[in-house]
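Following this message is one structure expressed as structure tokens.
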Amino acid sequence: MQLIETIRQDLAKIREKRPLVHSITNLVVMNETANAILCLGALPIMAHAKEEVEEMVAMAGALVLNIGTLEPDWIDAMELAGRRANELGIPVILDPVGAGATKLRTDSSKRLMENVKISIVRGNAAEVATLAGLSSEIRGVESISASGMTGTAAREFAAAFKCTVAITGVTDIVSDGKNTARISNGHAMMGKVVGTGCISNVIIASFAAVEPDPFIAATGGLVAFGIAGEMAAKEAPEKPGTFHTELYNALYALDSTTLARLARVDVSTEGGS
Amino acid sequence: MQLIETIRQDLAKIREKRPLVHSITNLVVMNETANAILCLGALPIMAHAKEEVEEMVAMAGALVLNIGTLEPDWIDAMELAGRRANELGIPVILDPVGAGATKLRTDSSKRLMENVKISIVRGNAAEVATLAGLSSEIRGVESISASGMTGTAAREFAAAFKCTVAITGVTDIVSDGKNTARISNGHAMMGKVVGTGCISNVIIASFAAVEPDPFIAATGGLVAFGIAGEMAAKEAPEKPGTFHTELYNALYALDSTTLARLARVDVSTEGGS
Amino acid sequence: MQLIETIRQDLAKIREKRPLVHSITNLVVMNETANAILCLGALPIMAHAKEEVEEMVAMAGALVLNIGTLEPDWIDAMELAGRRANELGIPVILDPVGAGATKLRTDSSKRLMENVKISIVRGNAAEVATLAGLSSEIRGVESISASGMTGTAAREFAAAFKCTVAITGVTDIVSDGKNTARISNGHAMMGKVVGTGCISNVIIASFAAVEPDPFIAATGGLVAFGIAGEMAAKEAPEKPGTFHTELYNALYALDSTTLARLARVDVSTEGGS
């Protein structure tokens, strides 16, 4: 499949070019996401002061906005960095963590969607459903139920918001409004470690830093991270502490042969072949 | 013993109900405490913005207030969340980290004790002694000495402040002013990893989310975590890095049979049987 | 060599006296640096509120200022804590993370150098070159190139700023303007884990808390940490997750015999031995 070949090349490009991935993210996962970026082969930078985010993002290959432990000042910084990234053509990945759980989270997510051109929205079903105006149930930041976040709904969301959307769950769904991918990679142990959703954002961002098509970047990121999860689970079944450690080993060890061998993606194209 | 049987049932309830544990905590242990909650079987949420804490805590089964890297704004948020939890009957666990080390920490702890009905205070001997007005010596956040924090002092503290107090150390002491438990579980390696005190808070909070009696919740949490520490130390004696990883594995693996077999608790009741 | 013998004694002193190391540091490495301090044998404290830093630092044996995720309020707190440390004769270690990458970072580093008497500056070549007014290239916080940060430049920097400078890289360089050490300890895997630079700061600070000569403290810290890196790499070659865990095990296990056996330091003295 051409898609997998492109993803393989993107992985090689990340390691060759070492793009800087700038994250304005939550306090819970800073170290973990930075290490994931480094293990994959890109370079992490965390910077959130309004006084410097515009200057810092200008050096980056991609920008990640994650509202997991948001404060108003941080959202302001995200907006500043996002607008500057837009000016420079740098892709912006948004994780609307906990949208639907509190008004602040829902409003902040919508504000960022309105004021910044988001390249890729990555969330769980409840968070994306909230942004789509559908009903959902969320416990803290955990999706409990979200009615109707099917592939069709993802495609409609992407078309309406003119972005790529990546909804992670047992099967991940990525859509850019025209193409829709269903990714079966990943492992249940990934739900036993805090911040694997946040790590998926930065892996996607690392791909987006070298891959101009956001649909391919999001699909590539989720395939790569899903396979890393499978590799880690082989080393540490039912041991979340050890699994967490093995996840970094796997991101570092992941090579393009393994990626091609283990990738499980189905793509459908609207109106297409 | 009936107490152990209740603790076993509470552990099962945590895993069945998956209560949300809301923490407003320090920047050093956010990831670690969130992972501990998840490994035990509950769901973590970290949220500290004044704009959302009242809404977030309303979904939670317990609230943890931890002043380890306090700022005035965060204490305000703790008070807001704590008052709302009180209105809704949600138990509040306070860790007065470093009370006695600086005026800000002592004052903030006292302010939270006064303005929020605290269900369980969890601290080391020096921190609790400070709140009790006794002399103590603390190096940063490490208790060096605390005169008189015996079981009797714990019982008097609990009676005076109308709360349950849990003082962790070589032997942990829990008292609600009437019942006093001495828990001998735990392992010296727990002192070689940063944040094990903070993890004990969230394990206690997970129990408090399903157990209405704070004395049982605090005792259950410390027994469960102490046993997890013993299990981890078996896998990684004298290796703090590996021990840290094994602690999460142990919290995840801990079952009610092991809990009953390894629990070491003595309870005395004032005026009682 | 007398230097190695002194470093050995300093390591023993850290474990005997357990000095408090106060860090005002970035949000990415708080847990990791605190655990490194604890594993080495000292006691960590993180406190950044302007209301308490002066009181907290008064208890400490050393103060670490690290601008990795700086905000203006944090820089103010760093300056307050630094000035108080100066009054009390407590050594201050500065890591100008990302100086050269943004104006905020360059200006904040220079401001701290001007307003606080810094005992030891620890950075990568690009960061130190920026402070020295030399040209450099930095990607986020990663040194890409820095012209002329040779041993001679380090010596001149130290002489000009009246401090000790420690420049970490493949070979670490430490100079106090008179003596210059080249340290060949360390391992390439240390570059595969986020925050090893930050950990080197706190190991140096732990030595500075017991060793009055900053040149010896900086050299000792880098030798000790470099050897720990070598020990960890033996356990986990090419596995950054496991290597990270083993780094803490190694800091804990490091003994003075191993230190003396593996230390690789060359010292040259201006005007000669």
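Observations, loosely collected:
Think of it as A, B and C in the order they're written, each chain with its own count starting at 1.
The rule is short, and it goes like this: contacts are C-beta pairs under 8 Å (C-beta built on N, C-alpha and C of every residue); 3 or more make two chains touch, one makes a residue touch a chain.
Note that the structure is a prediction, hence the values are computed from the model and not measured.
Between the contact lists of subunit A and subunit B, the overlap consists of C.
Put simply, subunit B has to spin 120° for its C-alpha atoms to lie on subunit C, with the angle rounded to a multiple of 5. The centroid of the Cα atoms in subunit A and the matching centroid in subunit C are 34 Å apart. Taken residue by residue, subunit B touches two or more other chains at 27, 31, 244-245, whereas all remaining positions touch fewer.
Residues 26-29, 31-32, 68-72, 98, 101-105, 139-142, 192-195, 238-242, 244-245 of subunit B touch subunit C in their complex.
Those residues of subunit B lying in contact with subunit A across their complex are 18, 20, 22, 27, 30-31, 34-35, 38-39, 43-49, 51-52, 55-56, 59-60, 244-249, 252-253.
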